[in-house]
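What follows is a set of structures to go through.
Okay, so chain A shows up in both of these, paired with chain B first and chain C after.
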Partner chain A sequence: MFSLLRINTATGETRIEKYSSKDFLLGGRTLSSRLVSREVEATCDALGKKNKLFFCNGALAGTATSSANRLSIGGKSPLTGGIKESNAGGIVGSRMAEQGLRCIALEDAPTGDSAWKIVVVGKDGVQLLDGTFLAGKGVYEKSDLLTAQFGKDAGCITVGPAAEKLLMASGIACSDPHGVCSRYAGRGGLGAVMASKRVIAMVILADGKHKPAFTNKEQFKDESRRVVKLLKENPVSALFTKYGTAAMVDICQSLHVLPTRNFRHGVMEGAEKINAQTMYDTIKARGGEGKTQHACMLPCAIQCSNVYPDEGGKLLCSPIEYETMALMGSNLCLKNLDTIATMNRIANDAGVDTLDCGAAIGVAMEAGLADFGDDQAAIGMMEEIRNLTPLGRILGSGCKVAAKVLGIRHAPHVLGQAIPAYEPRGTKGMAMTYLSSPMGADHTFGFTLRDEAKPLTKEGKVGLSKKFQVIGSRMDAMGMCNFVRYAVRHDMTPLLNLIKSYYDVDITANEFDDFVKETLRIEHHFNTNAGITALDYRFAETFYDEAQPETGEKMDITDEESAQARQW
Partner chain B sequence: MVRVTFKLTEVGRIELDLPTPLLFKEVLRHCIARTGYIPGGYIAVRKGKVVNLGDMVEKGDEIDIFPALSGG
Partner chain C sequence: MFSLLRINTATGETRIEKYSSKDFLLGGRTLSSRLVSREVEATCDALGKKNKLFFCNGALAGTATSSANRLSIGGKSPLTGGIKESNAGGIVGSRMAEQGLRCIALEDAPTGDSAWKIVVVGKDGVQLLDGTFLAGKGVYEKSDLLTAQFGKDAGCITVGPAAEKLLMASGIACSDPHGVCSRYAGRGGLGAVMASKRVIAMVILADGKHKPAFTNKEQFKDESRRVVKLLKENPVSALFTKYGTAAMVDICQSLHVLPTRNFRHGVMEGAEKINAQTMYDTIKARGGEGKTQHACMLPCAIQCSNVYPDEGGKLLCSPIEYETMALMGSNLCLKNLDTIATMNRIANDAGVDTLDCGAAIGVAMEAGLADFGDDQAAIGMMEEIRNLTPLGRILGSGCKVAAKVLGIRHAPHVLGQAIPAYEPRGTKGMAMTYLSSPMGADHTFGFTLRDEAKPLTKEGKVGLSKKFQVIGSRMDAMGMCNFVRYAVRHDMTPLLNLIKSYYDVDITANEFDDFVKETLRIEHHFNTNAGITALDYRFAETFYDEAQPETGEKMDITDEESAQARQW
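After this line comes the complex of A and B, so read on.
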């Protein structure tokens, strides 16, 4: 049986429910999206009391399996107006498992002027404590205060000052293995949803006594070791260990899809100054607290994360991911890793998504508020977000809002969510994925770039995108890290064997994929019920009218074609 | 001469004196024979365009081979 803890944020009432269905077994996005679909009125105000926020760990959470402790957070998104699942690494998923929980639901909402609360979940029950002392503080300070009060091993979830003001680019920060709230479920504005319920933090204490009850412990151990072996032997996974996602800078520059100058170009002169090798060499040269490999959750055999130090060797930001390096780097024509790391740190402290805010600053630069390539101006705009100035609030609402306010037509988003770091006119497969994701422009599923024989043509991209939407969604579907997919891309047996030896439940590969497809179907259905139409799944018109200079390509995917890619 | 660079690997750049034009899959076969390095998933790029196994490689071509990673 799997436990769902419901917490009414208006009344303080709590209730535990037990379920045994396979969607609860799988957890992750499989569960969060079903719960949103069943329990959230699609037309509701995402920041109102009818929205709910579901925190789900996955099928293998709390075990010694590598990379199995992602936390899926689901609700209706204030940014896209549709369904949202955003997931993060860290230790919260395993702390929930230790408390015997598959899901925590934050429901209802008190009035907007109610006192801030900290939800504390432990072996003795749930408490709603006064959280006023956290209000207005940055995430790093909040994290320190939570650690001081609840211990560094507690799994903490908090939001930044941007969320407290209900800004739509605000994310949810989760504790990393060192007790720092730096692992973000960044996309879709779910931080604002949490804050709308006047919950400023949630803490899962490290006093849980629940142990996994394996059906066949020895087989589970064998299968876990097999997963580690697959990850270690897979050449792609192994490279993630050395360079992390930053390796994409060179790949995208070479393919002319590196977002540059507010997605006007696909190439940035001097991109090598912010590429993986430069980052690796900088971290190594500076030493100190810097780390070229780092685990965002425990255990993890990939360790693709990093710790980027300042010149003195002190931690400046952890982690820096490719998407941030592009949206806060090349997209703004910035060629300094220290600048990007500083902006990333401010974003983490303000509690906002680096992609949506990077894209919003790109729009602001195109509007003439600063010059592209101006490091200090870019950092200054991030400070405006953290300080909640009028401009900062506009930028912290994402690039769609920023573009509307600042009079820019070339707004890089789909459904209001900023386009990730692959210029869509140069990769029609990724463009198809952006146009068919129920989450708005998204890169973590439907990742076609590495398998596009002809990136510039749209032919065959409906099928290619759909193929990778399934492959890319498998890991989200059970709370695994997305990068495990490389090791099981052609054969899910190792993970399905783990489920069998843990729960004594048979799930075939086809049945598993049916769950994945059904999840996508449910998510699109929610969006339709929310009032999102086929006409909303478009890029800004400028992407269709103006060719990207390096490839000569315009966007040419039709509404009918993207609709096909959303059919499940 | 054909120049192939295996990016982000210890292999680096190699130069192959091959009769051209030649299918890329043959070029790749020569690379593997020379270095012993077998790329897993990869993306091969020549002048901003993806090179597929069935594409022809010409004299003087420079091809970059990237490990097929993804963002996160």
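After this line comes the complex of A and C, so read on.
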């Protein structure tokens, strides 16, 4: 039996429900999307009382399995108008497991001027404490205050000042193993959804007593070790261990898909100044608190995270990921890792998604509000977001809205969510994936880039995208880190054996993929009910009309083709 | 035969085409919406080269018939994402008629950084002149410069600095009989469409030689006189002659539908400070250039327009209309006509719609950016729009976008277009109309307010709205002023006789209404093709969940009901 804790944010009532179905067993996106689909009226105002926010850990949360503690957060997105699952690392998933919880649901909403609350979940029950003292503070300060009050082992979840003002690019920050809320479920504006319920923080105390009741503990241990071995042997995982996701800078530059100058180009002169080797060397040279390798959750055999130090060796930002290096770096023609780290830190403090804000700044630069390549102007724009100025609010609303307000047609998004760090005209596989995701432009599933023999042609990309949509979604489906997929893409047996030895439940690989596909069907169905049509799954017209200079390619994927890639 | 002048704004090529079909005969919205439907790809970027902009005069343009010179401007709207017809008074319609033109089409688009052009149409042909000197200037200054260059009798069309930056609330200004570009086709962001084609002004020279070739001139004169008599005898038209549309302030206050405090209330304490009598008395007392009665076009027997003078008797703004008095007055809790006139003047100079910007300021006030009732802050916000600051751009994007950016759920719009000056929970007839218009929330057709026995109930409102949708659309359908409808609502014979005696074409009242209904069908079909679904024809959720205090009413119209009201 798996427990769902419901919290009515209007009345303060709480209730525990028990379920034994497979969606609760698997948890993660399997569960969050089903709960959203069942319980949230698709046409509702995402910032109104009819929306709900579900925090789900996964099947292996709280065990010693590597990379199994992602937290899937689901609800209706104010950014895309559709369903959203955004997941984060950190320690919240395991703390929930220790409290015996598979899911926490925030329901209903008090009036918009109600006092801020902190939801505290512990072995003795649920409390809604006054959170007024956190209001308006940055996420780093909130994190410190929460740690001071509840201990650094508590699993903390909070939102930044951007979410407090309901900005659509605001995310939800989860605490890492050091007690710092730096692990973001960044995409889709779920921070605003949490804030719309006047919940400014959630704390899962470290006093939970639940232990995994393994059916076959020895087998589970063996299979866990096998997963670690697979991760260490896999060349992609190993690359991430050394360089983190930053390894993608050189790869994308060479493929002409490194977003540059508001997604006008796919190559940035001087990209080597922000590539993985430069980052690695900088971190090593500066020493101090810097780390080239770092775990966002425990345990993790990949440790793709990092700690980027300033010149004096003090922590500047942790982590810096490739997507941010592209959207806040090359896309703005910025060639300085310190600038990117500074912007990333401000984004984390404001509580906004680095991709959506980076893309919005790109739009603002194209609109002439600052020059591409102007480091100080770019940092200044992030400070505008942090300070919630009018310009900051435009940028914190994501690139679609920013483009409308600033009169820019080349808005890099699908369904309102900024395109991740792969310029779509140069990779028709990723383009197909962007047009197929129920979440808006997304790279965390359907990641074809490493497997495209001919990235410039759309031929065969429906099938390729769908293949990788399943491969990627398998991880989300059970709360595993996405990067585990490389090690098990040809054989899910190790993970399925873990489920078997834990729960004594047999799930075949085919059954599992059916779950994944059904999740996608459910998500697309929600979007249709929400009023999203086939015509919404398009890039801005400029991507179709104007060739990307380096490849000479225009977008050529038709509505019919992308519809096929969404058909499950 | 009726002439269509096509101008390719990318190549500079021009072409005259001749048509004799009934849609060209009727002109107005009958023609503009058919041309948009036939020639504009519904899914295109409204600010891209695939959109077109059609300027159509009506069947009786250039004749001595009263109130017959409205100019219908049609295209795809960047504000609503659907079809748009927005019409204005002024002298452009007759100047086009004198040049033998029923329609001018702006097609294609040069690149966004191309030089601004002035399109000049005269008896000797079409010229595209450099318009760089107009860039960035306000509409009043542009108007003066155009008049200085082309004469005050020329029919001038221009856009403001807001349109130059592609703001979605930007309109198109047409010159009045005094040569001032003060007659706005304000709604739907068509100013941005014109600017996206890099056309900063159009001038129809006063050198046209075409005269109406009447089939039966004497009969036409008789019928024209009959229309004038009907207008003068009709009590509604007569009321407008004395007070202009401002007469609606008291009516709406008494019905509890005067938009107040961002459409939260339907009554404003102190509304009498901005009502028709106060305006009338103020204009009379100040004298000078003030006029309580004024014609926007010639000839006009209604003359509902006015000239509002400042304390020294100098023209401050002309005209001030009820919709502006509500959206920029009561909706912001402002109780000073000078404030409203000043805001209106700035709006006209910036080139933005007073309704969409007034509604956006209401949203900004609810977001706490200024206090309701703060005159100076409200004027300051208009200056932000005029100065194109970040806040100004937010406000100049209309209330839907402003609400998203500023985190406000109670956004008063349908399809992105601000609700006009009748709070919909207090008048279910107008609410039904707002939800039925293919143009977004609109009051210029389907005006039920004067004919609702029980405004608080939705019963019977599908039929009532549809009845008045036809009555109102008849006027747009042939380029007549909307206010003529009161005089002919029970009998269209006088207008149909004018067509007969002019063109020797018999159109029965039923045939005419079939044209009107077919136009609506065509418009809704365009919207469907553009991706607008039944779910988009809704108010913000708050209108359904929260009662308007004065009436205790919530919005209760269902999707099914509003769909019926859009079914033709």
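The criterion applied here is as follows: the second predicted complex is superposed on the first by the 568 of 568 C-alpha atoms of A that agree within 3 Å, B and C clash if a C-alpha of one lies under 4 Å from a C-alpha of the other, contacts with A are read in each partner's own complex, and residues count from 1 in each chain.
Heads up, the rule we're going with is that a residue touches a chain if its C-beta (ideal position, glycine included) is under 8 Å from a C-beta of that chain, and two chains touch if they have at least 3 such contacts.
Keep in mind it's a predicted model, so treat the numbers as computed, not measured.
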Answer with first, second, both or neither: which of chain B and chain C does A:409 touch in the superposed model? second
Report for A:203: first if it touches chain B alone, second if chain C alone, otherwise both or neither. neither
Contact-wise, after the overlay, does A:541 reach chain B, chain C, both or neither (first, second, both, neither)? second
For A:397, using the defined touch cut-off, is the partner it touches chain B, chain C, both, or neither? Pick first, second, both or neither. second
Thinking of the overlay built on chain A, is A:43 touched by chain B (first), by chain C (second), by both, or by neither? second
Under the stated touch criterion, which partner chain does A:321 make contact with: chain B (first), chain C (second), both, or neither? first
Per the contact definition in the header, classify A:555: touching chain B only (first), chain C only (second), both, or neither. neither
Overlap of the chain B and chain C footprints on chain A, residue-wise? none
Chain B touches which residues of chain A in the complex? 234-236, 239-240, 242-243, 245, 247-248, 250-251, 254-256, 276-277, 304, 321-323, 420-422, 443-444, 447, 449-456, 482-483, 486, 550-551
Would you pull the chain C residues touching chain A in the complex into a rising list? 43-45, 47-50, 78, 112, 165-168, 192, 389-391, 393-394, 397, 401, 404-407, 409, 530-531, 533, 535-536, 538, 540-542, 545
Tell me, which parts of chain B touch chain A in their complex? 7-8, 39-41, 43, 45, 48-50, 52, 64, 66-72
